[in-house]
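Input: structures, listed below.
The same chain A turns up in both complexes below, where it pairs with chain B and then with chain C.
And now, the complex of A and B:
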């Protein structure tokens, strides 16, 4: 067993005994076999001394038990690492930042506390998964949709706290944005409710976010200032209909007006589903793979290759496409698509194709065909990309995500591709030579590059080194990661250095004030408690 | 002699029926565990099924529920150790008791739901 740094064996043993008193002996895990289940299955340090591993795990069933556990940890200065469902795979899984931490496993707190169909919100505990919430709503027959990430086996609370996102209308797509009210156990064991929850007997905890005074919810996201035990979420009323349409544009330079018009349509509320940019000539993700001559031209001259542009022109293959998506009344969204076509027609040579059109709810046949998260249905179908298949006969052991935020312009997409494809050549990165945004926030893009995780130590070392180089390179171009595995959180936080790391120093001030013993998630997102600052994990 | 015969039969039959009922209950509970935790990836045409179809190329059924060779120890090893991108599952997710009945459910066609030789 790997003890937390600076903790005496006797204190650790005392803590374990008191944890057992708090939650019951069967819910404290200390055997090597049980604790191994808290490893990050996709750890980039798999099997190395540096792998972040827990010393034990404790699984409370109620907020009162969480309070007891936190008080014991605070008294004996035992680092704890809260997880909700532990499915943050690709960004750290259920393993702590600091080896030797005791994982505070909140999976047993799996109650859907309230769903209001009338005002479209839910209040849940951390162990509730998206599948649980979806099934609860289906069983009750509520006409509500949950914005789910893909894959959807994580928890609304964990995903929102890590700034995850989904696919529905923009006001739901960013999961932290769509939360309303939280309950937090602080490091001293005290329970705090934010927003309207601070008003005893409040009738609007899940209806108005801010309450009175400074709004503090943000410090608990990607944070280490408390253990979140409840959160409210706004849900999307089931729309009448769903419609998609695709515009294609012929030229390489057309990506600039294409993205500008898309952004206008989204910011105006005309198109309200998560769009998808593509390149018929370049192929790739969610499109047929490129022909071999295209790959050769792409590798030689990049996405701007004059040969490629000529090839696209001569063969009448559009350079770019954009699928826009609409939720709402059938008549209204048909008109919105017509309006979108008018706007896109400003690009010479733009062509249009109608896409999916469904009256909702989906029929069973439609249910089986669609990309489920776009209909608020949790799914694990995304794993078909990484799992063994005829296209991927030798799967890896996992992946980790490099995920920079890129400006919402066509120029930025091209610049990011120029920089990252050059880096792929220079550093031997295992990433595609061409990429388009994977997630579309209202005001920014996220690029996602999946780095493979293997059980081969030299390969993982090389990939970690490449990953760090990419973080630096990205920051030099003004692009920062929105989320990263614990292995790189210090490196990413180091890049957010404006005014001599004023932001990190602010976080550290908060950390020291709220958690003076530094027991909650030390090192998470690069924020270390005073006694460990400078040592790092 | 006749009476002795009936008593003898009852003495054997009662524990057998009890064991069968217990197995049936475990298998039914195991089906629920399977549907909650496994079917989302190992259902028809889903990632886990495509993976097994690719791995076995038809020499074994791709659907776990159609396998006849999944002894309990095999299911337990995959759940607790994981394989390729399928992670392992913690005991707060699938408890040892749930894993026992899950393994019994997937072993129902293998001739043994307990890991012991079939009766």
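And now, the complex of A and C:
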């Protein structure tokens, strides 16, 4: 067992005994076999001394039990690492930042406390998974959708706190943005409610976020200032219909007006589903694979290759595509698509194709065909498509996401690709020659590059080194990571350095004030308590 | 030289015998009844896995076929069953479905008790035969 740094064996044993008193002996896990379940399956340090591992785990069933555990940890200065369902794969899983921490596993707190169909919100505990909430809504017959990530086995609270995203309308896709009200156990064991929840007897905890005075919910997201034990979420009323349409544009330079028009349509609320950018000539994800001659031209001259542009023109293959999606009344979304076509028609040579059109709810046949998260349905299908195939001949043991935020412009897409494809050559990175960004966030693009994790230590070392270089390179161009595995959180936080790291110093001030013994998630997102500051996990 | 079907049959032999034999050893006495598995999972995409499912069904198993994705199996069956009590399952699948089922089983006090990796046939994914169940009483 790896004890937390600076903690004596006697104190640790005392803490374990008191945890057992608090939650019941059967809910405190100390055996090697049990603790191993909290390893990060996708750890970039797999099998190395630096792998972040827990010393034990404790699984409370109630807020009161969480308070008891936190008070014990605070008294004996035992670091704890709260997790909800522990499915944060690709960004750290359930393993702590600081080896030797005790995982505070909240999976037993799995109650859906309230769902209001009338006002479209839910109040849940951290152990509630997206499947649980979806099932509750289905069983009650509520006409509500939950915005789910893909895969959907995680928890709304855990995903929102890590700034995860989904696939429905923009006001729901950003899961932290769509929360309303929190309950938090602080490091001293006190319970705090945010927003309207601070008003005893409040009737609007899940209806108005801000309450009165400074709004503090943000410090608990990607944070280490408390243990979130309840959270409210706004849900999406089930729409009448769903419609998609695709516009293609012929030229390389057309990406700029294409993105500008898309952004206008989204910011105006005309297109209200998650759009998808593509490149018919380049092929790839969700499109036929590129032809070998295209790959050769791309590798030789990049996406701007004159040969590639000529090839596209001669063969009548559009350079770019954009699929826009609409939820709402059938008549309204048909009109919205018509309006979108009018706007995109400003690009010479734009062509249009109608896509999916469903009256909702889906029929069983439709249900089996669609990408389920776009209909608020949790799914694990993703795990069946990442396996070995002609396009993935050597499946790895997992992945870690490199995920920079870039401006929402066509120019930024091209610039980021120029930088990252050059980096791929320079550093020997396992990323594609050209990628298009994801559109989870309405106001910015995000690139998602999956770095392979293997069980080969030299390969992992090389990939970690490349990952760090890419973080630095990205920051030099003004693109910051939105989320990263614990192995790189210090590196990323180091790049957010405006005014001599004023932001990190602010976080540290808050950390020291709220958690002076530094027991809650030390090191999470690069925020270390005073006694560990400057050290590495 | 063995043809494809013979190759699959040979694979089945090495996958099924241990599964049935080890189940009795690995599972708690309460679970190790005549046929100890609540469900046996196979994957329609792979001939060897289909054969496995067919043979297990002949032996009296309640089998469930997937197409790589365990979502329906999980949501409509295992999630509700395991909320009542742990129930052992076995299967012959690719890595992805086992990866999901193993992690979902952890939350119900179960583990992968047995795992046998099989070499890939042609360009197919490698298959694994496995047992998930509660730990045997020591």
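Brief remarks on what is shown
What we mean here is this: the second predicted complex is superposed on the first by the 527 of 537 C-alpha atoms of A that agree within 3 Å, B and C clash if a C-alpha of one lies under 4 Å from a C-alpha of the other, contacts with A are read in each partner's own complex, and residues count from 1 in each chain.
By our rule, a residue touches a chain if its C-beta (ideal position, glycine included) is under 8 Å from a C-beta of that chain, and two chains touch if they have at least 3 such contacts.
If you're wondering where the values come from, they're calculated on a predicted model, not measured in any experiment.
Considered on the superposed chain A, chain B and chain C are sterically incompatible, since they clash.
With both structures placed on the common chain, the touch criterion links A:535 to neither chain B nor chain C. By the document's definition of touching, neither partner reaches A:310: not chain B, not chain C. In the superposition on chain A, A:42 makes contact with chain B only, while chain C stays out of contact range.
Using the contact criterion defined above for the overlaid structures, shared-chain residue A:29 touches chain B, although it does not reach chain C.
In the overlay built on the shared chain, the residue A:399 is in contact with chain B alone; chain C does not reach it. Once the two structures are overlaid, the count of chain A residues touched is higher for B than for its counterpart among chain B and chain C. In the superposition on chain A, the residues of chain A contacted by chain B and by chain C overlap at 33, 37, 41, 85, 107, 131, 153, 378-381, 383-384, 386-388, 390, 395.
Interface residues of chain A facing chain B in the complex, by the touch rule stated above, are 27, 29, 33-34, 36-39, 41-42, 57, 59, 85-86, 89, 93-94, 105, 107-108, 127, 131, 153, 378-384, 386-390, 393, 395-399. On the chain B side of its complex with chain A, the touching residues are 40-41, 46-48, 50-52, 54-55, 80, 82, 84-93. Residue ranges of chain A in contact with chain C, taken from their complex: 33, 37, 41, 85, 87, 107, 131, 135, 153, 372, 378-381, 383-388, 390, 395. Put simply, chain C touches chain A in their complex at residues 67-71, 74-75, 79, 94-97, 99-100, 103-104, 106-107, 111, 120, 123-126.
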